[in-house]
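Got a structure for you, questions after.
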Amino acid sequence: MTFSSILIQLLNGLAAASSLFLVSAGLSLIFGVTRIVNFAHGSLYMLGLYGAYSLIELFGRTPLGFWSAVVLAALVVGLVGVLIELAVLRRIYRAPELFQLLATFAIVLIIKDIALFTWGAEDLVGPRAPGLSMAVEIMGKRVPAYDLLLIVIGPLVLAAIWLLLTRTRWGALVRAATQDREMVGALGVDQAKLFTSVFFVGAVLAGLGGALQIPREPANLELDLAVIADAFVVTVVGGLGSIGGAFLAAVIIGVAKAFCIGMGSVTWFGVEISFSKLTLVVEFLIMALVLVVRPYGLLGKPQAAQRVAAEPAPPFKVPSWGFALVWLALLVIVPWVTDRYAAILLTDIVCFALFSVSLHFIMGPAGMVSFGHAAYFGIGAYAAGLLLKRAGLPMEAALLIAPLIAGAFAIVYGWFCVRLSGVYLAMLTLAFAQISWSIVFQWDSVTGGSNGVFGVWPSPWLADKTVYYYLALALCGAGIAFLWRVMFSPFGYALRAGRDSPLRAEAIGIDLRRFQWAAFVLVGALAGLAGAVYAFSKGSISPSTISIAQSTDGLVMVLLGGVETLTGPVVGAAIFTWLRDVVARNTEFWRAVIGLVILLIVLLFPQGLVGGLKALVMRWREWPA
Amino acid sequence: MSSAVLQVEGLHKAFGGVQAVADVSFAVAAGEMLALIGPNGAGKSTCFNMLNGQLSPDAGIVRLEGRDIVGLRPRAIWRLGVGRTFQITATFASLSVRENVQMALYSHTGRLRSLVRRFGAAFRPEADALLEQVGMFDQADRVCGVLAYGDLKRVELAIALANQPRLLLMDEPTAGMAPKERVALMELTAQLARARNIAVLFTEHDMDVVFSQADRIIVLDRGQLIAGGTPEEVRSNPNVRAVYLGSVH
Amino acid sequence: MLEVRDLHAFYGRAHILHGVSLEARAGEVVALLGRNGAGKSTAMKAIMGLVPPAHGEVAFAGKRIDRLPPYRIARLGLGYVPEERRIFTELSVVENLEVGRQPARDGAPTWTEDKLFALFPNLANMRERPGGRMSGGEQQMLTIARTLMGNPRCVLLDEPSEGLAPIIVEQMANSIRALKGEGLCVLLSEQNLHFSQAVADRAYIIEKGQIRFGGSMAELTADASLREQYLSV
């Protein structure tokens, strides 16, 4: 590389870093004060982009039209943020973290469908910035003038936020609340109003980040999750709650990615390395490195240990043999008496039941919330498909080796994950899942990219849908039974003990991290099994099996059924899979429906449907006659 | 001092230039109840956390039966025979009382890794015997999360005894308990300690408990030991009186 | 001004306050004495709404406040100075004061930065210094000044003399007398009997979450056995 091409890549990276910084700064600011990780922040970015597109169409492609559209789009997104805060988040500030994350994810789904309804599924390519569409020649290379403007805007916004935070009363309140919310309240400050205002500012930043990208990237419906995953990586690297850290991390990651793209394919010692394909891995490597050296990010501070006196989770009850046998018998008989479609739906249900039970294991007894569980499901599916199609293994072998590969990935991902807890952990699992998704999505030559893998059919003796259903029932049922058994083993008890009191676990000699790591690998392998079984039932694998949407489907299943019972996740998987099947056949906007269902659960039944119904029954009984 | 189970010499710890603990030395003998007292902010917790591995001292030696334990992690220190109870009880809330004790027994014998054996089956008699000793056998099947606070303290004591410790570290063992239960708990502790020849070091702010149960008392103020001796000696020490009653002049 | 009746409070699952009753009138300094762990801080927090009272009543300026959130209680003119000081370490002295600022209030002295710098001269020389880079004594001054910026009618001072050098303790005593001179009602919790004797008009003794004595400071001073039993070792 010549010096000039290095400079060009540097400029490219800095331009990309600007929007990334704006989104991450907003995310960080909101988290600092409210302690809520706003999943919908990527959606606000996406709305900013779509909003700017429409407003430019409305105002005309003049410099005035362009810039007023960008600013107005950001402000409108700010108001959307306020609406979200008032309508949803204000009600759940005291709810468990998991429910807050899930509620903001429901908002992601709803916004996605609103965008689909308003702007359609096609990518919308915005205009170039009027008056800035030319390129500037720097050292013999042409650099878009708009990129140079973006490079300037990043630091300008950083300076503006800094002034706002250090020169105004509002800024003093925000910084004080970031350190000690309770004390700020005791000094007479109404936190609710402060939170709303912080949400407005954070949302404006996300909206602005999106709107500014209109000349550089088309508005599309995939942006929400892509951006939030990037923003999570940036905030984890920079340190949650640190604006300066977000800027530093955005620049480092933006530049590193740009360099990878710029280097293209390089041959070293006869080996060709495609750096442009490494962009996502680079992001991952930077994050891994930072987390090992500084677990709280470059400029972050350790979170004050929160001693929340959580309600003790009740002990699980093992389903009795009679109960299990009745259900098993029903599951065996049903395809005999109904149509072929029932066997297909039931196959889906048993796959998702194992997926959901494995997720429940890691978040319930092990106490580690994963927002990226689909990584293992998807890796299992892809491993099965690729072993069959590319390695030419028999289907039976592929089916059995796939879970081991998913487990191997869990060894790597889990090593990082068990070092963190709470929201950091959730964000990291999500980032890993998104990275896995991106690799699958971009590695066309191996994974088939966006088309996926085709012709993943089971061996002839399993070709019949009903026969395959029995195989799925046997494998997934065995997986579920095994996980339930482990829950009552010394290993499972050690995990529960560590979740209940890490302090006490350490004080009686339990090396909690190793247990958690092993649990990660165990559930990773079983989720991989579910994915492999699922892949052969469909005959094809699409990247959606590894998507964040798949991860959150799992969360919804678990929470729908309730975390507090063993059978809850199975019931949740069944209801959810069936419901989605019904809804998706009747409306294109099934995501929004699911989002609304999640919001309802979170706001009305914080203990899940099974737990919520139990509580209702209890209340009914206690009612004086 | 060969009979000392715990021997502390010249312990120092500073936080950002503030000397939290300065040159603290003392020893606890087997079967002895030693109380560490002092006003708020005197450095008791810092001192305690350096003994149990939560903090590492800037300087000084901590010996457990002659072996230097500075720099070891809490779980390693536990394996050497140190049981702990916490100021705010730390038990496994979703496990039953018996399972809490079984967990400590499993860990003590290194048998927690099994994936298929049923947890409840092993160490039942051993756990029940410990619960009998602390008077919690009749509640063995109740979940810890629903116990009364005083009962949780007893469960903690049973857990702490599960690895046949040589030393018990008890941080504010009676904090949050009803006044009547406090002396009873510490009487029980003293009785068990003597019977099993365990050294006990505890911090405490209930003076009734301290003066009725401790064999010896050491007093910490602003990070330094200002007095030590029998309850009578400490009670009549003018420095101690000054620390507790304070001054403006 | 402040009236507490049969207050019970829990910290987590631990029952800390077992029915505390006390009162403080305008222009009066009242000391809540007790050894550490007796429940002084919890009583302060329960009055302020930071620990939700499980049972009992708290009235301030004739209004029930035991169900109100802390910010509403503060806006009624009850100031709280925590034991751990809880200075915003990354904010400068003037920014810390800014966070505490509230509109002027009828029937309570109005404080300005200048007036507070006159009361605590040390602070005047370090207006831009971050709270985290101040000594313990300076932080104690700042936390009181920050609460006074809310123009309270009554202040809860949790262990104002704790961990301070004797000379600073004396300054603190002078400052509290000055507050009384402004007509404020002050309820302070203390382990330091001599400090309390120097500033307080009346005293309560709390032990194991219960009030064991309530009376004038003179009565307490006269009763050696009371001191021995509840305050000394």
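Odds and ends about this structure:
A, B and C are the chain letters, set down in written order, and residue numbers restart from 1 in every chain.
We take it that contacts are C-beta pairs under 8 Å (C-beta built on N, C-alpha and C of every residue); 3 or more make two chains touch, one makes a residue touch a chain.
Keep in mind the model is a prediction, meaning the values are calculated, not measured.
When chain centres are taken as C-alpha averages, the shortest distance to the whole-protein C-alpha average belongs to A. The pair with more inter-chain C-beta contacts, choosing from A-B and A-C, is A-B.
Centres computed as Cα averages put subunit B at a distance of 32 Å from subunit C. For the pair subunit A and subunit B, the distance between C-alpha centroids works out to 43 Å. Annotation: 46 Å between the Cα-based centres of subunit A and subunit C. Residues of subunit A found to touch two or more other chains are 307.
Across the assembly, subunit C contributes 12-13 as residues in contact with two or more other chains. Counting only residues that touch two or more partner chains, subunit B has 88.
Across the complex, subunit A meets subunit B through its residues 307, 311-315, 485-486, 488-494, 496-497, 499-501, 503-511, 515, 522.
The touching residues of subunit B, counted against subunit C in their complex, run 18, 37, 39-41, 88-89, 149, 152, 172, 175-179, 205-207, 211, 222, 234-235, 240-241, 244-249. Against subunit A, the residues of subunit B that register as touching in their complex are 52, 73-76, 78-79, 84, 86, 88, 90-96, 99, 103-104, 106-108, 111-120, 122, 143-146, 159, 162-163. Within the complex formed with subunit A, the subunit C residues making contact are 12-13, 48, 50, 69-71, 74-75, 80, 82, 86, 88-91, 95-96, 98-102, 146-147, 150. Of all residues in subunit A, only 169, 172-173, 175-176, 179-180, 182-191, 307, 309 touch subunit C in the complex they form.
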